[in-house]
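After this come two complexes, each holding chain A, first together with chain B and then together with chain C.
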Partner chain A sequence: MSKGYRKYFKKKIFWFIITFIVAVMLNFFLPRMMPGDPVNAILSKTLGNTTDAAAIQKQYEVYQQAFGLDKSLPEQFLIFCKNAIRGDFGLSFSQYPRSVSDIISSSIGWTLALQIPAIIVGWILGNVLGAVAAYRRKIWDKVVMPVSLFFSAVPAFGAAVVLLVIFGITLKWAPVNGAYDPGMIPNFSWEFISSVIRHYQLPFFSIVLISIGGQAVGMRSMSIYELNADYVKYSRFLGIKDKKIVRYVFRNAMLPQVTGLAMSIGSSVGGALVAETIFSYPGLGSTMYKAITASDYPLISATTLIITVMVLIASFLLDIIYAFIDPRVKAAQFD
Partner chain B sequence: MKKILALVLAVAMLLSVAAAGAETVTTLPRNKTLYHGGWQYGSIAAWNPLHSNSNNSMAISANPRGSRTLVWETAYMYNALDGKLYGLLAEDGYEWNEDMTQLTFGVKAAAKWNDGTAVTADDVVATWEAWKKLDGYNGTYAGYAPYIANIEAADGKVVISLVTNDEGKPVNPLLVYDYLSGTYILQKAWLDSMFEKHGGDAKAVAEDTCSEKDVPYSGPYTFYFDNDQLTVLVRDDNYWGQDESMWGKLPVAKYQAHTIYSGNDASLVAFKEGQIDVNQQFVSNIQDLWEKDGLAISTYMDEAPYGVCATMPTAWFNMEVPVLQVKEVRKAIAMAVDYDTIIANAMTNQSPSFADVPRSVMNPTDGEQALLDHDAIQPYQWDATDDLDTRIEKAKALLDEAGIVDTDGDGYREYNGEKVSLKSCCPNGWTDWQAAMEVVAAAGEKIGLDITTNYPEWDIYQTVFTAASQTEYDIFMWSPAGAAPSSPWARVRGLMSSEYIGLNSNWSGNFGHWSNERADEIIAAIPLAATEEEQKALYTEATILYLDEVPSFSLMYRPESFYAVNETVWTNFVSQDLNAELAAEGKPQIPPLDLIDGYGIAGQYYIELVE
Partner chain C sequence: MKNILKSCLHSPRFMTGFILFIILLGIALFYPLFHPGNPLQMIGQNSFVEPGTYLSLYDANTVNLNGKTSTFIMDDAAVNRADSNISEADRQTMLAYLAAAGVDVSHLDTSHENLDSLVTLWQENYDSSKKVEGYTTSAKKRDLRTLNSRLLAALNAGEQTLLTKNGDEEVRTAVANNAYVRSNQVANVINLPLGTDNFGRDMMKELAAAIGTSLIIGLIAGTIATILGLVIGLLSGYLGGIVDDILMFVCNVFTVIPGFVLLILIYYSVGQEARGVTTCAIVIGITSWVWTARSVRSQVISLRNRDHVNLSKLSGHSLVRIIVTDILPYIASYVVMAFILQVSSGILAEAQLSLLGLGPKTTTTPTLGLMMNWAMLYNAHTQGYWWAYFPVIAVIALTSFSLNLMNTGLDQVFNPTLRD
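Let's turn to the complex of A and B:
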C-alpha cells in the first residue's frame, strides 16, 4: 500500500471515529430526553393493592436501580459505553427482565433477511429500468418511468397498506401477518419454508416497489448525461459498436448508484420499521417501533446504535472502494 | 442476473428460517388448537410466576378479578357473574372464625403438581413467605400486608390470620378474598430452590427469567413454544383437574396459542379470517361482522351491549385546579355531557345507557345493583330522567348561582376574573376514549366553559394521572376497579378514598385527589358491615356523596375484558345461551372472560369442534 493510500485511510478512520462517538452520544442522550417515565409504567403491573407511599417508593427505587436510572446521566453514559463494548446493552424496560441483546438477536435476522434482498432487488431493477429508459426512450421513457416515479413518491406506509388491502385482504393472494403461518413452529421442512416465502411476499414487494422508482430516476439521469458525454460521441465517431459504448456508459453512470445501494443497506434496519409494523413482521423495525412508543431507552439506544454502525461501516467501505474503483475520487482525496 | 437474484432470495429464505430459530418440527393442528387474540403484543420476557411485571399474558396474569390459571393456579376462582369464589386448588368453601379474624380452607386432596407431588397447605404458606421476601421487587406483599398478618398451615389446612384494628376487628376481610383469587400458589420445593440458587438474593430471584421454562405448575397447560411471533401452551394430559372433585375431565383443546400481532388492526384482520378463535379486543360496531360481513363471529349476547359490562371509564377532575374545587363547576360539566352520543359513537352501543342503568358507584351487574337503595339515589342521578337540553339549562343555572358567569361577553365564563379554560386528556390512539373526551369538550362549550382536548402518547399520559401532583392537565380519564371479590367496595375506595392523595405512581384510584372525611369513614366501615342492610345503607350513602360532589364521573360502561368468538373451527363458546342451559342444569354460569380468566376458564371444558 502506498503512502498516499495509508494517509487517505488514516484520515478517513479518524473522521469515522469522531462521527461514531458523536452518534453514540446522540443515541444515548436523545431517547432519554423524551418525556415519560418508564419505571412508572412498570409499577402499574407490580404495585397491586399497594397504597403505602413508602412501599411504592421502595419499588420505584428498586427498578430505578435495576435500570441504572438512579445515577446521573453522564455516569449512565459511561456505564452504557463500558457495557456496550461487551455487547451488553442492559435490561429492556418494556420487556423487563429480558436483556436488550436477547431481544435484538432474536429479531435482527428477520430484518436482514427481508431488507437486504429487497434493497438489492429494488436497486437492480431500478437501475436496469433507468438505464433502459435512458437508452431506448420511447415507451420506456414515457410510460415506465412516470410509473416508477409515481411509486417512488408513494410513502413507504402507503405502498405497504395498498399491497396489504389489495393483495392480502381483497384478493387473498398472500398472507398479511407475521413471517409464517400462525400455527407453525419453525423447522427446516418445505412446508415451513414455503410458508415463510408466502409471508415474505408482501413486505418484500412493498420495499422493492418504492425503491425501484428512486433508483430508476437516478440511473436514467446519469445515463442520459453519460450518453451525451464527449467520449461517447467520440467513440461513435470512431465507429465503435453501440453495445460496447453502452457498457462503458452504464459503468460510469453506476458510480453514484453504488453510493445509494451502500447507504440503503446501511440504513436497512431503520427502513424496516414501516413494512415490519404493517405486516406484523417480527424484525428489528417492529422492535424499534415498540421501544420508541414505550420509552424503552436501552432498546432504542441499542437499535439506533446498530443503524449508526451499519451506516458508518457502509459509508466507510464505500469510501475505501471508491478510492480503488474511481481514480477521480482517489485523485481528489489524495490531493 | 437471474442467478444472482435466485441466490439472493435463497439466502434470504435460509436466513429467515434461521432467524426463526428452528427447534421443533411441528405445525399446530388447527382442530386441536384454540387461538386467542388481544393479550400478547410482544415476545415473552419471562416464565417466572414470581415476576409480577411479566408480559407473559397467556401464562402469568394474577388478578383478583380473574387470574389466568392455564399454567399456575390460584386457591379460588372468582366468578364475576354471581360474585362467588369457586375452589380451584382449594376445597370449595372456607370458614371464618366468629370475629372474622381468621379464615381457614383446605387444599383439594386431588390437587397435584406436574411432577406428581401433592399441592399442600405448606405450599400456600411458602408462597406467602416468598412474597414477603420479595417485598420491594413485587407488590403482592406490600399490597396485602396491611390486611393479612400471617398465613400458616394447621392440621393440613391453611389458616389466614388478619390484621386487626384497636377494637380487635379485622381491618378488611374483603381483601383476603382478593388474595385467594388473585395470587398463584407455587410449589414450596421450587421456591426453596430458587432462593437457594440465588443465595437468598430476592432481587435476583425476581429478575430470573426462568428461561428453562421448567417451573413446576399445577394447571392444565404448560409451555410448548414461544418466539417473536407465537406463544403456545400444550395440555398436560396428567392434569389433576380431571379428578371428579374438580372438572372431571381435561380441557378440550390440546393447544392454547396466541399469535403476536403488531397491533389491533392486524389482530382484527386475523380474527375476521378465523385465525383467532377468542378475541379480547374492542371492535367498533362488532355486530357488522355478522350482520353485514356474514362472518361466523358472535359475542356473549346477540344484542347490544353484546357483553357483560363491569367497569366504568371515568373522567376525573384535577382538584389542584382552583375552579374545579368548586362543586358546581364539576357538576355542571358532568350534567352537560351527551352520554348517549358517547355510548353510540365511542362504544358503538357496547355499553348500556345511563337511562338503562342509572349512574352510581356500581357496575351494571345485578349483584352490585342490588346493593343500592335506588329510590334514595334517584334525585342525585342527573341523567336518569332529564333530557340533554334540560340538563344543559340546569348546568348553566348551577354555574350562574355559583357566580361563575360570563362578564366580558366573550361567550365563556370567568372565575376570579379569568376565563375558565380547562385541558382534558386521554391517551393518543385510544379512539373510544378520545371520542368520549371530545364530547366532554363539547359539553363545556355548551355551558360557557372552554375545554380543550389533548392526547399525549401513552408513555407520557401514564405519568399524568398517576402523579402525586398534576399541574398541566385538568380532566383525565381512567377506570376504577371492575368486578372483583372486593368490589364494589374496591371501586368505592378507588373513586373516593383520600389514602391515594400525595402518592407518586398512584395506579390505584382517586386520581384527581379529592378528599372527603365522610367518604373515608364509609370506605372503612363497608368491609366490617355486620348485615347486608347495613352494607346497602353505606353503599347508598357513598353513591349519594359521589353523585353530589362529583369528584369524577363515569362516561360509559365497559366489559372487564372484551369477548368475541369466531366459530369457524370451534363452537359452543361461553354465551348467554350456554349459560341459560347451565342455569337450567343447576350449574354455575360462566363469565365471558375469554375462557382463560377466573371462573371463565370453565368455558374450556364446553367448547366443541364445528366439524
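Let's turn to the complex of A and C:
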C-alpha cells in the first residue's frame, strides 16, 4: 500500500470515528432536551386519578430507577453507549413486550435490500443518461435535461404514490402493500421468493426513478465542464480518437459524482425512507413512522441511530472506493 | 446588474421557471382573495366529494316552481340521460344478451360513444318473449325487463311531477324534460374545482392556503440556511486557521449525519406544543446550511489572496468592509442560487416531516405536507380519490421544478462555460 493510500485512509477513519461519536451524542442528548418530564407523562397515564401524594412519589421513583433517570446525564450516556454496543435499546413502548433491537433487526434487512440496489441502479442510470446528454447534446439534451430536472423535483413519496396508483391499483401489475403476501411465513421456497420480488418492484422503481433525475443533471454539467477542458481540446488537436477522449472525460466527470453520492446519501435516504411508508414496506422507514405515530421514544431514537450509522458506513465505504478510482490518492498528492 | 437581469430574461430556462413560480405564487396570493373564508372549514358532510359544481337540489326546484326555467331542444338529451342512467354493469348485461341472441356486437363496447348504436341494437333485438340461451330463468328475465323499462324511461322521458307542500295543500308541479335553469339562478351553488378532502374541506381553498404556507416555510428555512451558511463559509474561508478548522470540523460532521435524522431529533426536542409552522421552518433552516457553507468557503479561499483583496488589507480596511465590498460581490450570484435551492429543499423537507407524522401542529392553516399526510392517512390513494393527493404532489413537484429551473437558468447566466 502506497503512502498516499495510508494517509488517505487514516484521515477517513479518523473522520468516521469523530462523526460517529458526535452522531451518537446528538442521538442521545437531543431527545432528552424535550420539555416536560417523561416520567410524569407515564405516571399520569398509569396512575389515572390517584391523589395520594406518597404513592405517586413512590411510583415516580420506581419509574426513574427503571429508566435509569435517577443518574446524572453523563452517567446515563455511558450506560446508553454500553447497552447500544450490546445491541440493547430497551423495550418498545408501542409493541411491548418486544425489544427495540428485535423490531429493528427484523426491519433492517428489508431496508438494506431495497435501498442499496435502488440507489446504485439509480446512480448508474442517471450518470449514463447525463453523460449521453452532455456528449450527444441536440435532441438528447433537449429532452433528457428538462425531464431529469422535473423528476429530480418530484419528491420520493410523490413518485411512490403515483407509481402505486398507476401500476398497483389501476393496472394491477404489482401488489402495493408490504414485502410479501399476507399470511406467508418467510422461508426459502420459490413461492415466497417470487412473492417478495413482486412486492419489491414498485418501491424499488420509485426510488430509482427519483434518483435518476438528480444524478443525470449533475453528471451532465460535470461532463460538459470536462468536455470543454483544455486537455480535451489538446487531445483533439493531437488527433486522438473521439472514443478514447470520451473515456477519459467520463472517468474524470465520474469522480465528483462518487463524492457527490457519498455526501448526498444522507439526504436521499430520508426521502427513500418516507417512500417506504407509502408501500408499508416493512423496513426502517415504516418502523420509524409507526414509532412516531405511537410516540414510541426508545424505538424512534434507535431507528434514527441505526439510520445514521448506516449512512455513515455507506459514505465511508464510498470514500474508500473513491481512493481506488482516483489515481491522485495513490500518487499521494491528495491534500 | 442591468445586464444580468437582461440575460436572465433571455434565458428560456430561467423564464420558464420564473413564470411557473409566479403562477403558483399567484394562486397562493389571489385565490384566497376571490374565495375568502377559512381554508380549513369543513363544508362537506361526506368525505372525498368529487370535483365539480354542486347545485342545491332544493333551490333548483324552487326556481322551477317560480316558473323561471328556460326551454332548450337538444338532440342528444335523451342519449345523455340514458348515459347517466344506464350503468356500466347494465351495458355489460345488454352486450351479453345481444351476443347470446346472435347479434354481432364485436365492434361495440360500453363506452359513451357506442351507447347510441348499442341502444338501437337493443331496441331492435330485445324481445321478452323470445327464448335466448342463458336467459330463460324467470329471475334473469325479470332483470332484463327492469333494465329495459329503465332504458325506455330514460329515452322517452316525459314529465316528472314534483309534489310540494303549501301549508296543508299539496301542490303538484310538472317538470318538463327540456326545462333548464341557469346555475346562478340557483340560490346555493358550491364550486369545488378540486372536490373535498376526507374532512369535507374545499381542496382548492386548502391547496391555495397550503401553497402560501409552504412557500413561507421554504423562504424562512432558505433564508436561515443561506445566512448561516454564508456567515460560516465567509468566516471559515477568509479567516482560515483555527476558526476554519473548528467550523470545518462541524461542517464535516454534519455533512454525513443525515439532515433528515437531525431534523427529526431536533424537532422532537422542541416538544409537541412548540411545533408550529415557524418552528418547523427554523428547524429545517438550521439543519440545512452545511452545503452553502462548504461552497462559500471554497469560493472565498480562492478569492482571499486576489490582488484587490490584498490591496484593501494594505489600505487598512476593516474585516467587515473587505468582506462586504471585496468578497461578497464575487459570490453573490452563487449565494442567490444556493438560496433558491434551499427554498425548494425546505418545502420538500416540510412535506417529508409531515408525512412521517411530524408536521407542524397547526389548526389555522394547512401545509402541503399536512395535506399529503391527511390524504395518505385516509387512504385516498388506494381508494381512487385522486383529487385529494395528486394536486398536492403536482404542486410540490412544480414548485421545486420551477425553482430548479430558475437555478439552472441562473447558472448558465453566471457561468459562461455552461452556456449552449
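Quick notes
Here is the rule we go by: the second predicted complex is superposed on the first by the 237 of 335 C-alpha atoms of A that agree within 3 Å, B and C clash if a C-alpha of one lies under 4 Å from a C-alpha of the other, contacts with A are read in each partner's own complex, and residues count from 1 in each chain.
Here is the rule we use: a contact is a pair of C-beta atoms (placed from the backbone, for glycine too) under 8 Å apart; a residue touches a chain by one contact, two chains touch by 3 or more.
Since the structure is predicted, the reported quantities are computational estimates derived from the model, not experimental observations.
Touch criterion met: A:176 reaches chain B and chain C at once. Shared-chain residue A:278: touches chain B and chain C both. Measured by the number of chain A residues touched, the leading partner among chain B and chain C is B. Legend: residue contacts after superposition of the two complexes on their common chain; A:235 is shown touching neither chain B nor chain C. By the touch criterion defined above, A:97 reaches chain B but does not reach chain C. When the shared chain is aligned, chain B and chain C each come close enough to touch A:293. When the shared chain is aligned, chain B comes close enough to touch A:121, but chain C does not.
Residue contacts after overlaying the shared chain place A:23 against chain C, while chain B stays out of touching range.
Judged by the document's definition of touching, chain A residues 34-36, 169, 176, 277-278, 289, 293 lie at the interface with chain B and also at the interface with chain C. Listing the residues of chain A that touch chain C in their complex gives 15, 18-19, 22-23, 26-27, 30-36, 137, 149-150, 152-158, 161-162, 164-165, 169, 176, 217, 221, 224-225, 228, 263, 266-267, 269-271, 273-274, 277-278, 288-289, 292-293, 300-301, 304, 307-308, 311-312, 315. Considering their complex, residues 34-53, 55-60, 62, 66, 91-92, 94-98, 103, 106-110, 112-114, 116-117, 120-121, 124, 168-169, 176-189, 191-193, 196-197, 200, 276-280, 282, 286, 289-290, 293-295 of chain A touch chain B. Residue ranges of chain C in contact with chain A, taken from their complex: 249, 252-253, 255-262, 264-266, 268-271, 273-274, 344-345, 348, 351-352, 355-358, 372, 376, 381-382, 384, 386, 389-390, 393, 396-398, 400-401, 403-405, 408, 411, 417-418, 420. Listed in rising order, the residues of chain B touching chain A in the complex are 1, 4-5, 8-9, 11-13, 15-30, 33, 35, 41-43, 45-46, 51-55, 135-140, 142-144, 146, 175, 178, 203, 206-209, 225, 227-230, 232, 257, 259-263, 266, 269-270, 275, 457-460, 462-463, 466, 499-500, 502-508.
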